[in-house]
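Sending over a structure as structure tokens; questions will come in a sec.
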Amino acid sequence: MSVEEETFRELKDVFGDRILDFKIQKMRVYVKVPSDTYREVIRYLVLLKGIYHLETITGTEVKDGIEIMAHLGTGMPISIRTTVSSEDPRIASICDLIPGAEFYEREIHDLLGVVFEGNPNLKRFILSGDWPEDVHPLKKSFESKHNLPLREGFD
Amino acid sequence: MSTFDIPIGPMHPALPEPLLLKLEVEGETVVGVDFDVSYMHRGIEKLLEAKTYFQGLPLVERICGICNAAHGLCYTLNVEKLYDKEIPARAQYLRLVVEELSRIHSHLLWLGVAAFEIGFNTMFMYTWRDREAVMDMLESITGNRITTEYSQIGGVRRDMPSNLVDRLLKTMDVVEERTKYYTKVALTERTIAKRTQGVGYLSPEEAKATCAVGPVLRASGVKNDIRADDPYAAHADVPFNVITYDSCDVFARIIVRAQELLECVSMIRTALRHLPEGPFRVKLPMKPNAGEALTRVEAPRGELFHYTLSDGGMKPYRYKVRTPTLANLGALRAMLTSKGRYVVNIGDVPISYGSIDPCICCTARVYFVDSRKGRSWVWTLDEIRERSRRGELLP
Amino acid sequence: MSFEQYVVETLEAIVFPGFIFIFFLALFYEWFDRKLYARLQNRVGPYYTGFHGLLQPLADFIKLLSKEDIVPDGVDQLLFTMTPLFTLALSVFAAFLLPISSTQGLVSFDGDAIVSVIILTFLCITVFYAGISTYNRYAIIGAERSFLQLIGYEIPLMLSVVGVVLGAGSLSLSGIVASQAGWWHIASPQILGFIVFVFAAQAELERIPFDLPEAEQEIIAGWNIDYTGRRLAMFRLARNIELVFLCGLAATLFLGGPLGPTVEGYTQIFYVVYFVVKSLFVLAILTVVRALFARLRIDQVVGFSWRYLLPLAIFQFIVVRLML
Amino acid sequence: MGIVGWARSKSPWIAHFCTGSCNACDIEILACLTPRYDIERFGAVLKGSIRHADVLLVTGPVTRQVRDRLLRVYEQMPEPKYVVAVGTCATSGGVYRGAYNVYPGVDSVIPVTAYISGCPVKPENIINGLSFLLKKIGESK
């Protein structure tokens, strides 16, 4: 029973069937949970297991919506992933548990349009000032070739 | 009171790593900070999705010009996880050598720029002169001074002949002797100590809460180094000790980075002594098998994170890169907000900002919001630095 | 005055120890300073203009003259145009006080030692007006800084000069030079005054340990941020002539000015040679100080002057008083 | 050539402006000041204020947000001014060409006199490019 199976076994006992599926690689554990228990799992890991370090939050547009994945832990990162519908992408924010999560959530909000409820200031973080509000570059629908008309020089 | 706005662009004689900080101010002390990093956004992740894995390496190396060996290494390790093929040991050792060399050049560069920042030009000239020896070695090993692209998917680009190994060992002696001199200068030089002790304080709890990484975390006494916790490349068999310092301020960060230089030198020496024989590269097919991979590397500025999701095609479905300085932004905010006894004067902003050795974007302006009086004004970083000297900070 | 004496006097004022000579001496001093500073930093310094870069300051000067002259709007026109002229005129007048080719300067009267120090204060005031007139945020800060710094080093500078005047027993530079015929002031306890003078000169010239009014990393170019073309050329020339003046003044007060063993027929030439060599020695000290230190904060500058320079100057003043 | 042409070609004061570059070219420009390359031999001095500079070294592809500042800086420079695009990114957008947030190179925003390519550009290249520029400045008067 390597370290990975052990940690996954603990998660399985606590959350039982709410863990939809999992994947174990060398020194890595991926756990898929429905979007409402995403915050609960992270609270469990942070408060009870004392994991303090959040690597980052990755946002990817998959077939059935937008997949949010939080990677926690220093020695052996545990990745908790959940999918959110792309029409109305809402998810609970984890800023109060881990203050460092604020920038990652704001970046995903900019690039993919996911709204994190509870994030203290969900303002624009990475896109330039005059970028239109509703265009999210990391979406597959956004073609980077015909991008927004860049203002021509020497005006 | 008219607002006090300086529309000055990101021009700066020293190497500015500009960042728009929005400081919330109560009178003299800073209570809140917000950041705007939009000036540097080049849309790299979108570009990576349009390139195949092999084409992506040059782009990934150019995310950050100073610590690009770390980016290249993290990218290749990440993609190799998709192939799950055995990478020759010699390649892992050579990767470690070039990664540590680029850490030496990055830390020496930071020591010089920090001295340049406080007007100590002679130290800037000396540190950068000695850094040239390291750059020559990087150039003769990898072919280019900075964007080396030494680690390829499947191994390394070139082998290291024995005469290069001897030259590298000789350079290491020079670097070691010079670093000891600079550590002595940093410790004994009164002006440096006077300007950095007690400034930019980051308690260990705050460092953990804001997910700080790298020297900033280790300078607050937290023992956390990816090379030790989750060893990659050849770090498992090359012993080194993690440097920590417990005074949690800008001075500690100088000491941590200086002593890390000595660790790099000893690591390179042990790696070169036990350099295994055998091939230095393995041919890998263009299409990796589907799956996802997550890799972390200890870049000079902190823990670098790469994640990729591949659907079996030549191009990545999604490639995520998180640079260490983005993680340290939270720590910078904790440093700059005053709590109870520890009061942050607006004057400490530039020095602590420089101490996380930022490397992201382009505008050094600070946007003040005086919550009590409801006034707001914008000052550039240099403005604050200067006003802090003069002690008079409110318009 | 007879006609040819009148011609000789104007020629002297314009050519020999006058403006032309001072102009080229100032350029030479800037070259010497840049070259030594580069050497201390293990660099080569200006090399390709003229022999070993000798004509580099001249090239900078001519290039600046030929640049476009921008007068940003919203600038106080009068001050913006007049301050470069004032600064240049003041520093040239100050240079005339120095005894270069004879034991007394071109303009020599009783009490010109005190006048020379007053001119230094005027130069600082013109720097202040130069900064204020451009209404540029950084220039205003630079100007305020130059005044704050003035408060710091002004009194010690005065005291060190007064110490020398007391020691020599005469208020005029020629008198001071005469009193040093046998024994240079530097050999006596006046050396404390020399140290104070060197640091005060470094602060007056706004060089590294005290270069806050023009701190490149902090306020980009300080008070001369908005000056271009001819104005900037005049400011730089004035700064160089001030460098000549301060080094010359230090040489005159403490190192016996143009005095030294001379061959009978060529006293004037030897005077000039001794003057230049001694002031280059002082310039070398200033450059070494510039290369060794980091920039101090403004509160540290004022603190340093009041905590170290002033007591040293007072102590030297008392010692000289007791020795009389 | 003339005395003014000689003076201009012998004392090119440099200002450096980073428009979104990955900092490799910026540190190579700074490396030119250090003892091994030392462009002060040619009389080149890194000036802080843009008003004092003749040659503007621009590194990096112009990102969307930084474009206005580049234009403003260019307009503030006194004549005769020369813009040098340092590095492949400044010449043609380099590796980031085609990104949704990046202009393809500096010449899409301001007129450029000299291009120094290389990624990152080596200090020797910068000095080589500079010497060509100085020859051009000298003859142009």
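So that you can tell them apart, the chains are marked A, B, C and D in the order they are listed, and the count of residues begins at 1 in each.
Everything that follows uses one rule, which is that contacts are C-beta pairs under 8 Å (C-beta built on N, C-alpha and C of every residue); 3 or more make two chains touch, one makes a residue touch a chain.
These numbers were taken from a predicted model, which means no experiment stands behind them.
When every chain is represented by the mean of its C-alpha atoms, the one lying closest to the mean of all protein C-alpha atoms is B. Counting C-beta pairs in contact across A-D and across B-C gives the higher total for B-C.
When chain centres are set by their Cα atoms, the one at the greatest distance from subunit B is C.
Distance between subunit A and subunit D, defined via averaged C-alpha coordinates, is recorded as 41 Å. Centres computed as Cα averages put subunit B at a distance of 44 Å from subunit C. Chain centres here are Cα averages; for subunit C and subunit D they lie 35 Å apart.
Spacing of subunit A relative to subunit C, judged by their CA centroids, is 64 angstrom.
Contact of a single residue of subunit C with at least two other chains is seen at positions 41-43, 216-217, 220. Residue positions of subunit D with contacts to 2 or more other chains are 34-35, 47-48, 63, 65, 98-101.
Residue positions 127-129, 137, 142, 144 of subunit A each touch two or more of the other chains. Chains that are in contact with each other form these pairs: A-B, A-D, B-C, B-D, C-D. Across the interface of their complex, subunit B is touched by residues 15-28, 30-31, 33-36, 46-48, 50, 61, 63, 65-66, 69-70, 72-73, 94-96, 98-102, 119-120, 122 of subunit D.
Those residues of subunit C that touch subunit D in the shared complex are 34, 38, 41-49, 53, 55-56, 58-63, 66-70, 216-217, 220-221, 224-229, 232. Put simply, subunit D touches subunit A in their complex at residues 63-65, 67, 71, 98-101, 103, 107-111.
Put simply, subunit D touches subunit C in their complex at residues 3-4, 6-8, 10-11, 34-35, 38, 40-43, 47-49, 51-52, 54, 78-80.
Those residues of subunit B lying in contact with subunit C across their complex are 6, 8, 11-14, 115-123, 125-126, 129, 189, 191-192, 194-195, 382-383, 385-391.
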